[in-house]
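Following this line, the structures themselves.
Two complexes, one shared chain (chain A), two partners (chain B, chain C).
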Partner chain A sequence: MADLINSTKKFFRKIGTVIKTFFWNIRRVLNNIKKRIGKFLDKHNLNFASKFPGWAKALLYLSPALIVLAIFTFWPIINAFALVVYENYNMTTDTITGYTVFGNFITVLTDESFIVPASHTGSSAVINTLIIVFISVPVSVLLALFISAALNSIKPLKGFFQTIYFLPYVTNTIAIGLVFAYMFKADGGLVNEFLSFFGVQSDGLSWVESGAVYWRSMFVLIFYSIWSTLAFKIMVFLTSIQGIDKQYYQAAAIDATPRSKIFSRITVPLISPMIFYILVTSVIGAFKIYNSIVALFGTSGAPAGVDYNLQSIVMYIYQFIDGSNAGNLSVAAAGSLILFAIILVLTLVQMQVSKKRVHY
Partner chain B sequence: MELRLENLTKIFTNKTGIETTAVSELDITIESGTLVGLLGPSGCGKSTTLFMIAGLEKPTGGKIFFGDDDVTKLAPEKRGIGLVFQNYALYPHMTVYNNILFPLENLDVPREEAIERVKEMANLVGIGTLLDRKPSQLSGGQQQRVAIARALVKKPRVLLLDEPLSNLDARLRLQMREEIKRIQRETGITTIFVTHDQEEAMSISDKMVVLDFGVKQQYDSPQQMYTDPDNLFVAKFLGNPPINTFEAEVKKGYMMINGDKFMKFDVPDGLYDIGMRPENFRATEDGFKVAIKDIFHIGRDTMIHFDFNGVNVRALVDSDDIEEKQKFVNLSIKPNRVYMFDKKTGEVVSHG
Partner chain C sequence: MNKQLFDKSNKIEKWALFVDFLFIVLYITLFFALFKILQLPIDEETGEVALGLLQYINPEYTILGNQLYLTLGAEADTFITVNLLISMLVLYALVAVPMFFINLKKVRTRTIYEVDSYAAGSKFFQGMINLLSFNPISFVLRVWNMFILVKFVKGYNVKEFFKSIGPAIKAFFKKLFTKKEKEKFGDADEYSVSIKKSIRRQNAAQVLRLTFTYVFLIIMALIIVIPFYWMIVTSLKDFSGANSSNPEFFISISRMNWINYKVVLTELNFGLYIRNTVIVALFSTAGTVLTTILAAYAFARIEFKGRELLFSILIMTMMIPGELYIITNFITVSKNGFGWIGTDNNNYFLAMILPFITSISYIFFLRQAFKQVPDSLYKAARVDGCSDFKFLMRVMVPIASPTIFTITILNVFGSWNAYIWPRIITGIGGEEGQQFWLISNALRDTGFALDTGEVMYNLQIAASTIVTVPLLIVFFMFRKYIMNGIGRSGTKG
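What follows is the complex of A and B.
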């Protein structure tokens, strides 16, 4: 038996060697051809590549990415600045009635349900978004920090737990959103069952359906957005924690440092650049929240038959492109520029604050 | 405080179950207030020994005593040790001041006293003016001083240094060597110093332990170890240029070299490993005549190469005793500077 295994191993090793030799020889032939072509070009003074300046070559190699970026990113940004000065832009006829500097901004800012809650809704896009950003981001960052520190300190089944916590990242937002909606169902939903198990009166308690009050459905939304963004944060934190030199912990152990202090005085400062990165990107991400709301509440952005709306700024903008106010692209452009401004200001503030707190 | 290791053993077992003995039955008693160098080639278990004393590594067997306390099972923070790491492990996000203060934050020390102690330590190691800097703004030598201050500030019972000078350039190393010696003298703390550099260990230590494959070879004062090596390994490990070793037979009480009688020895006849240090040779009229193979004049000394029993041997002699184009030289060596080692065990058989 052992003989058989050994001879099989030998056989496969032999095949491996043959394959490696084959590719080695192919490389040799290709190198040879390259050399000959080069010589030929040099001889007949045909080597254009060497005549190009370095920046031109770089531009040539970058061009595929640049073209795609230009069409799908740069042009829309420029276009947004162009659209925002059009008055009464009509998408189908491609006509305008004139130009305006602030007109579209004023339309957005004074629109009910953008900043000021409309009388019949009781909530506005900006308020909704700010609530989501300022609750879900800090909570998820702190949670991710604790979970990754805990994951790092467990030894048995480490890989298993890391996989479990990473799963939400590879699952589909919409699908999980539907599962969440099902879990929070009033009748027979998992959450209500769970609550009643602990003696809480939760029969028919509505979370995401008609009859759900604003804070309950907002809770589900925040819970969901925390859960779905946690995985990536945990992964980033865990890898950076694992990259910390063990000697710091040994030094701390010799100095009788309690665990909580090791975490707050050594682990967190040492991964602070990563925490800052996660903080900035998740604030931006949370401001652009869209698909989790759709997944939980549908494109209306609210449970059926309620007098409020959970729509975010992006959802508000989207209604001018492909919703109830479709075709009003100038207003949509104004809305997205306002969102851009908010994110820019907040990021600048974060960068200022981080200067003292982040140790590179 | 006296530090005692009793039969200290560490065996590492890897995933496939193969055992590696890093430290084997180490028995050492370190007197209070001495600086002991743990010396050996890389992989000989010296750092493992240090980490076991620190408590970061659990011994497989044996005991560690600090004075009369058995600390073998004690957690590192309860042992009262200061440890300086090879690459210092200074917290990069804290200033020098906070780095030194950090160990005291976890002790029951009044704040004023803690600050006082930080300043005192900083002055002792000579970084009193750098307290506001971050470790990245310091040179290697300064970082080293901060690391020592951090280890000493909580007044440990034992100071452990893990290859503390290996990250420094040659000149700084010489300077820090003296600094460590001075700091140790001033504080009077029992210190263990791990190094693979024999010259460094010899110049700094009160006593040295030479380890090879986790086994103690000799525990003695540096000079004693140099002049009185217990075995071939120690003789070969110490000294620069290294000791000459070759085989020689003893016939009728005479050591035979190149077919001639070299010197009379009172040992049983047989084949021995012989060690002679290059600097112990003298060029004298009545010496043993050898043919010079190669000669290097290096100012004060002259290095001569010649053959002893077919092995190239080097002698370092005074330049005054030798002329430039000399073909032959008469060399003598004191009998007690000729080391004879058993062929099988490597133990010293006789010198003189």
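What follows is the complex of A and C.
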């Protein structure tokens, strides 16, 4: 038996060596050819590869990215400015009726569902977006700060909690949005059950369905956007809190500094650059809110059968591509340029503030 | 230290792991076999699948000669149903797979110095779990292993071990008791008493603070977890259970309707949509990684005129909102541009993948990682005749591999989440475009409503679960890398 095993082992080893030598031989031959070609090129002064200037080599490395970026990033920017000056651009026939400088911008700005709400809509895209931004961003940043400070102060179960708080980051926005809409169902939704458990009269209280009041459906939207963006903020804050030098805390402990003061005088100032960064990115992110609205209320952006609308600026823009007003892309381009201007101004303002307020 | 005993214990553990692996394969094959024989409800008049009938039928299956019903109902006289069998298999797999991987890691990294009496205890605990999941072979192996570990740590034989249990418990209680006594009758020095009192006060404050912290964290964790729990529970309910006005918070495992998933995957075409999404995610991620590595290398290492200028132009375009691109890219890929969509020969995949095979923010992110590689490495490699490309592949990529991994994961998550661009692309194609829906579009736009107008929430939420669970599995597999990478990066994909 042992002989048999040994001989089979030997056999396979032999086959292995044969295969290995075969490949080594191929490699040797290829290397030989390479060497000969190199020698030949050197002899006739043809070896361009070694004389490649820096920019040519860089171009070689950059070209895949740059070609894609040129087609799908730089050209669209130019194209957007071209689109804005078209009057009545028709996508299917690729024709225009004339040129206009501010016409499309005026169309957007005077639209009764963009800035100033009309009497029959009761809400506008800009007002909705501003409400979302000014409630969800401060609440979520503060909550994330408290949670990450709390996480940093405990030892057992820290990894467990960290993993749980991270879960919303790795989900599909639409999928969990549908679950939220189901949880806020009027009849037999989890939230209404929970409220009636505490004695609140909530039978058939409508949150996201027909008959929902503006503030109630807005609450669900803000709650969901906070829920889904919290994970990332907690992660970033926790990483930067863990990076703080322990000496500060030791010094504070010797002076018997109260916890609240340690938080407000050491932790927050030392991670203020990160807080500021998160503030900027989350304001921009909140301005571009779209998927959550679609997940909760569908592409119409409002609960069925209500007279208001919950659409954001981005949703307003997209309705010109595939919504109720599909086709007029010039207006959409004008809207997106206005959004760009808002974001640019906000970023500049925050940069100015950060110069004065942010430590370091 | 008895090396022989340690080696023997490791050997037994390896065999137990092998048996575990066989059982995991068994659970999964049985699960798929049972899942396959589940029948979709068929309307007898038209001969087509009718989802409205889903909750009214309770077909009978013959499994290994036994007549079993699908779920508990008026006809069923035993507790055992097909749904119960499937639930048990899923439960076993959920317990066995993480245990297998944790043990595998332990066996490979454990050294002789780490073995203590807790290791023996945990072996026994794992054996009990094995027994509960109908795996007697691993149970026997693990208990045997426990005795060997006991001998290794304490030097007890099997007999001695059982004899030593009683005195050990007695000693434990005695220790607890004496400790309390000591605290009561400390030394009566007045000064030390006052110090002790203040320490006790501080300890009480700390306990209060910790309790408060934990309560806060647990409440927040519940808010995070409950949607996931509710999603999974609802996806396993039947139609009337999901639409009732008094929903049950728990669901018994013999009532779990696994057929919901089968309906969603086959009848509602989510299998196809998941395949589409995987194709888009794979190709766009492969493209992104390739182009960003090359571009980041050029920006980090190669000296050329106008490098900083080009890079700052790229950074500036990051501020422009993506909505602007989407409008004009739509024109680019449609009839008046490349003609990938809206023409006679459509190519939806090309239109969905190509715009996303590079990303400026990832180039920026990876360039930071490449910049941290010291210059001396590059110079040394050049002296040894290493070409730029070889240096990139052999040195830079391995060093920056955590960053590259983060980019990959973020990009996959991004593709899994993509909604608006695929919606616009496939929306123009009508019926044909529907074959190219990605999961997000399918979730939003599939009609889950019955003819009566009622929405089948159990199927809708089951679809959400099918979309969410693969992401969660990937997350739990690479938890550490993902969390560290995202914490460090400070960028969102």
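Here is the rule we go by: the second predicted complex is superposed on the first by the 311 of 360 C-alpha atoms of A that agree within 3 Å, B and C clash if a C-alpha of one lies under 4 Å from a C-alpha of the other, contacts with A are read in each partner's own complex, and residues count from 1 in each chain.
Here is the rule we use: a residue touches a chain if its C-beta (ideal position, glycine included) is under 8 Å from a C-beta of that chain, and two chains touch if they have at least 3 such contacts.
Quick caveat: nothing in here was measured; it's all calculated off a predicted structure.
Novice: Sticking to the clash and touch definitions up top, decide whether chain B and chain C on chain A clash or fit.
Specialist: Here the two partners, once superposed via chain A, fit next to each other without clashing.
Novice: Could you tell me if A:Val101 is touching chain B, chain C, both of them or neither one (first, second, both, neither)?
Specialist: The answer is neither, since A:Val101 touches no partner chain.
Novice: Taking the superposition as given, does A:Phe232 touch the first partner, chain B, the second, chain C, both, or neither?
Specialist: Second partner only.
Novice: Name the contact category of A:Ile5: first (chain B only), second (chain C only), both, or neither.
Specialist: A:Ile5 sits against neither chain B nor chain C.
Novice: Going by the touch definition up top, name the partner, chain B or chain C, that contacts more of chain A.
Specialist: Counting residues of chain A touched by each partner, the higher count goes to C.
Novice: By the touch definition at the top of the document, which applies to A:Ala58: first (chain B), second (chain C), both, or neither?
Specialist: A:Ala58 sits against chain C, while chain B stays out of touch.
Novice: Determine, under the contact definition given at the top, whether A:Gln250 touches first (chain B), second (chain C), both, or neither.
Specialist: So A:Gln250 only meets chain B here.
Novice: Applying the document's definition of touch, where does A:Pro269 land relative to chain B and chain C: first, second, both, or neither?
Specialist: In the superposition, A:Pro269 touches chain B alone.
Novice: Pick out the closest CA atoms of chain B and chain C after fitting on chain A and give their distance in Å.
Specialist: 5
Novice: What part of chain A is shared between its chain B contacts and its chain C contacts?
Specialist: Correct list for chain A: none, the interfaces share no residue.
Novice: Going by the contact rule set out above, which residues of chain A touch chain C in the complex?
Specialist: 53-55, 57-58, 61-62, 64-66, 68-69, 71-77, 79-80, 83, 91-92, 94, 143, 146-147, 150-151, 153-154, 157, 161-176, 178-180, 182-183, 185, 187-188, 190, 193, 227, 230, 232, 235-236, 238-239, 259, 274, 277, 281, 285, 288, 290-291, 294-295, 298-299, 314, 317-318, 320-322, 329, 332-333, 336-337, 339-340, 343-344, 347
Novice: In their shared complex, at which residues does chain A touch chain B?
Specialist: 245, 247-248, 250-251, 253-258, 261, 265-266, 269-270, 272, 359
Novice: Within the complex, which stretch of chain C touches chain A?
Specialist: Where chain C meets chain A, its residues are 209-210, 213-214, 216-217, 220-221, 223-228, 230-231, 234, 243-247, 290-292, 294-295, 297-299, 302-307, 314, 317, 319-332, 334-336, 354-355, 357-358, 360, 363, 388, 413, 416-417, 419-420, 423-424, 427-428, 439-440, 443-444, 457, 460-461, 463-465, 467-468, 471-472, 474-475, 479, 482-483, 486-488, 490, 492.
Novice: Considering only the defined contacts, which chain B positions touch chain A in the complex?
Specialist: 54-56, 75-78, 81-83, 85, 87, 89, 91-94, 102-103, 105-107, 150, 154
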